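Look at the two complexes coming up: chain A is in both, with chain B in one and chain C in the other.
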Partner chain A sequence: MPTMARNLGGRILTAGLIVLVAGFILGPLIWLGMHAFATRWRYPNLLPDGLTLDWWRVVFAEPELFAAMQNTLFFAPVTVLLSAIVCLPAAYAFSRFSFPGRRIFLVGLFATNAFPKMGLFVAMATVFYGLNLMETTLGIVIVHLIGTVVFMTWIPAAAFSSVPRSLEEAARDAGAGKIRVFRTVTLPLALPGILVACVMSFLASFDEAQGTYLVGAPSYMTMPTEMYSLVLNYPTQVAAVFALLLSIPSVVLLLLTRRYIMGGQLAEGFQIR
Partner chain B sequence: MTIPSTAASAATPVSTDPGGSTVPGLRLSGISKVLGGRTIVDDLNLDIAPGEMVSLLGPSGCGKTTTLRLIAGFLLPDQGRVEVDGAEITSLGPERRPSAMVFQNYALWPHMTITKNVAFPLKVARVPRAQIKERVAEVLELVGLSHHADSRPAHISGGEQQRAALARALVQRPKLLLLDEPLSNLDAKLRVRVREEIRDIQQRMGITTVLVTHDQEEALSISDRVAVMSEGKIEQVSTPAELYRAPATEFVAGFIGSSNKVRALDLGEGEPGVEWVVRPEDVRVDPEGMPGVVTRVLPHGHYSEVAIEVRGTDLRAFVTGEAPAPGDEVGVRITRALRYRNGTLDEAPVTVSA
Partner chain C sequence: MALPPVLVILLFVGVPVLLAVGFSFGMTGGLNRTAAMIGQDVFTADGLITGEAYAMLFADPRFPRDLAATVLVTVVTTLLVLGMAIGIAVLLRLRAGWASTMLSGLGVIPLFIPVVIASWAILNFYSGDGFVRSLFAQFGAEAPIFGFTVTGVIIASVWVNLPFALLMAASGMQGVPDALIDAARDAGAGTATIVARVLVPMAAIPLIIAGTFTAIGVLGQFTVPYFTGPNAPQQLGVDISKYFQSFNQPQQAAAVAVIVFVVASGVAAMYVWANFRSAKQEGRV
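And then the complex of A and B:
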């Protein structure tokens, strides 16, 4: 039967693609995971020579590495919070009001992403020296904020725009003032989009290395900046352990938000024509 | 025989009580609205009696939805006044108006259950909790949605969503109920049932109601009066029967029901500026009449629409019983006609005797 042959061919193709994608995504992760627990693992050997937890002990015993973790866990939430305070009102304005220069502002937000980051940071460093912001918490937060502005503006703006006007009008008609309408209708319906933006911003701040290194080093080292020295100065296995630690928050966050964002509430919101 | 009536003026003031001492439930006086450089509503006047249901009927773009939004407060008029039960509300926002609206797409909040949707207006108005519970249960019972009290809007059918939206409006005990094409998203059978339910509830509660629709059958079947709109103006406000029997303008005559337009009753040249409108049911097939040839027959169930060519003019006739076949030679007689001079009805409907 030709259809059966086609079915079989399709299945083989699908399976092949899945293996390929899994290989690309999971391969490096498996390699990292193996190294983090291996005593030694060199090219011709298919398996590591032995297993050990020593490298984890090294990482947690090193005071600098522990401080880097603490720094990262401080900067990322602070960045997300400040970014939300600054960008969410802007996102609402972009979505709901039309004002002169709206498009220019909106597209202009991409400017920070359009240039090579390093060039931008060097230019900023010049300014930061003048303002005494080098090696300060504020300086690092500003650098991190720049990386989150696009996420925190564009995604929530789209989320606000997707809330049908009639839902807000119905609340006005029911007697609610503008602030109440925003609080009870607009914000809850845009929340999934805002959460996505927060996760993206958190990860952007969490992974930001170049600017942080330039502005913060050596007083303030975060996990990504510490990675640089780890790769150069420690055995591969320590870098592997650190890389695994660095990926934990991302994975946890994505799993948490996936439940909420895919939970159908967003889809329900869009059923309203 | 038809009862003679003078042509209705473009905007008939209320109505039923010639003394005019009662305060209208809704009064629009001279409201105008310009949007994007176009005059959407043009010096519009309308009085609605308390407890009356009036439809705004017209083709799309005639300004009926804009008028409703001006009444609801989503738009503020450039000129004119809006009064509800004698109180002026022209410059109030929608949250401070005594009106409640049912939106075309229902506009139920998807993140709240039906109960929470319906309770929201009362919560905003700081009604005590026990009373909210009671009133919500009562109104859900009224629209027959008690069994869906805890469902989300996305999980109930279109008809049920429509009734939930109606419940959310009714629970406020509004002085004015505004319905914006509330039935257009329902299928044909359901539409007929729900519109009767709406009319029933409206009459029982005695709420002054404005219904916006482009569906003339809907407007004619459930309204006390119908306001036919065209290009931002009201062409005629009349009871459904009057609207059909004596359309004040040629526009209304053409918009309501179907009709034939002829220059003269004998289908000749006629007078300049005069046109006659003949309803298809007033075109009789009669061997004594003017000779014609049947060109087409469209069966509609209990009657047929027959196209007959008479003296070079195409006439539509509604024939009950056995319809002639295309090509048949028949006689045609016009039994009743409306005469329009320069677009307005200039005398009583003419009844042509046998």
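And then the complex of A and C:
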């Protein structure tokens, strides 16, 4: 029975593929996570010599590491909020109004990605010295903001565009004012896209290390910048604990927003209109 | 309303980029004066511009090697990422079920892991005393060490860049109507033909977007090669920080950044072209 054989072969192939991809994606994370609880680990053992929670105490006893956590949990939400205030009106304008230079602006925002980040930060430092922004909260927020502009403009613009104009017009005909139409029709329908943009911006800010280090160090260390020195100066296990802590907010976000991101909101946002 | 983000980008990206480009060509006045004074081997243009900083870069045999290695990593990573993304997206489109859902679920996980952690985790996984070598050692076999190699950079770059490409590919292929696939099948097309002649062409625009974003990201990346890469050849993103911080040659650092920018702009131009073409086809322009 060739079909049955083919089915079985297909299943084995799929199972093999899943194991490979799971090993490729999850393997490094699990291997790192296990180090956070290991006393000693000798090559070529697949398991550590013993288990311990001591490394967690080490991390929480370091005031610098604790300050870095606080800094990160401050900068990421502030960046998202500021980015939303700066970019969301623009996203609406890009989506609903046609004005000269509209597409050039959109592409221009994208072009910021083409200049290498490291080179940009080095060049930005010149401007920051001139404006006295080095080692200031505002300077770091600006560095983080730069990384979020594309997400916060493009994805919500696509979300606003996908709201049918006929719905808005129907609400207008029923007597709703402009602001009311926006609040009760446009905004709720565009909300999933805006949410995805916020998540991407949060992650971008959360992840930012090079620019933060260049502008903020040593006054302001965030978790990713601290991670650089941790890897070099501490035992593997301490860095592993810190890595686990640093992953918690992102994993929570993943669980909360998986549906929207997988639903194509992100992909939809990157097509020029 | 559209102005605030454009102004932010102009002031904090546009101006610095112009300054850096000018600086790399020997314009050492104005805001560049401080960097020019502190830095070593800074060339000032007699006339309008000078290419001496670039000449100095290419006079060092290490730099062309770094450039070649960066382009190699970018090309291989982009191809691998697109290949994996297309593979999973095709499974998701043609064989929807728990297996393909699980694969795509696995594929987006890296999106949520900070790059610093990912790079470091991958370094440990493939290093001399890492899991892969430990596993092979159980059977008395010797696995290669990928930590601090160009291969390691490629592995980590694929890991980091897979989710975005996968999301784009999946969304592009979900948009292909069933009728098209059925029609091709009725005409006698096998799965391979359907993938190559129907699914991939129909999802071309999202795939090109994914490809350009991946290529641009990998070209200038710093964190991944900083953790996982070898000392030679180095990726250009690491070179920029090396020339700036270790060598105190800000002009050469700017020149490297401009070189990456030129290559990335070529890739970005392709993206814009593909997008406009699709917009024209759909009558949106």
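Definition applied: the second predicted complex is superposed on the first by the 258 of 273 C-alpha atoms of A that agree within 3 Å, B and C clash if a C-alpha of one lies under 4 Å from a C-alpha of the other, contacts with A are read in each partner's own complex, and residues count from 1 in each chain.
Quick note on the criterion: a residue touches a chain if its C-beta (ideal position, glycine included) is under 8 Å from a C-beta of that chain, and two chains touch if they have at least 3 such contacts.
All values reported here derive from a predicted model rather than from experimental measurement.
The partner that reaches more residues of chain A, of the two candidates chain B and chain C, is C. Judged by the touch definition given at the top, the superposed model places A:16 against neither chain B nor chain C. In the superposed model, A:102 lies in contact with chain C only, and not with chain B. In the superposition on chain A, A:235 contacts neither chain B nor chain C. In the overlay built on the shared chain, the residue A:50 is in contact with neither chain B nor chain C.
Applying the stated contact rule after C-alpha superposition, one finds that A:250 touches chain C and leaves chain B untouched.
In the superposition on chain A, A:218 contacts neither chain B nor chain C.
Once chain A of one complex is fitted onto chain A of the other, the partner contacts of A:29 are limited to chain C, with no touch recorded for chain B. Comparing the two interfaces of chain A, the one with chain B and the one with chain C have residues 268, 271-273 in common.
Note for the complex: chain C touches chain A at residues 1-6, 8-9, 11-13, 15-17, 19-20, 23, 31-32, 34-35, 88, 91, 95, 99, 102-118, 120-122, 124-126, 128-131, 133-135, 137-138, 159, 162, 164, 167-168, 170-172, 174, 205-206, 209, 213, 216-217, 219-223, 227, 236-238, 240-241, 244, 250, 253-254, 256-258, 260-261, 264-265, 267-268, 271-272, 275-276, 278-279, 284. By the touch rule above, chain A contacts chain B in their complex via residues 164, 166-167, 169-177, 180, 184-185, 188-189, 265, 268-269, 271-273. Residues 72-74, 93-97, 99-101, 103-111, 120-121, 124-125, 152-154, 168, 172, 185 of chain B touch chain A in their complex. Interface residues of chain A, counted against chain C in their complex, comprise 14-15, 17-18, 21-22, 24-29, 31-32, 35, 41, 43-46, 86-87, 89-90, 92-94, 97, 99, 102, 105, 107-120, 122-124, 126-127, 129-130, 142, 145-146, 149, 152-153, 203, 206-207, 209-210, 223-224, 227-228, 231, 236, 239, 243, 246-247, 250-251, 253-254, 258, 261-262, 264, 266-268, 270-273.
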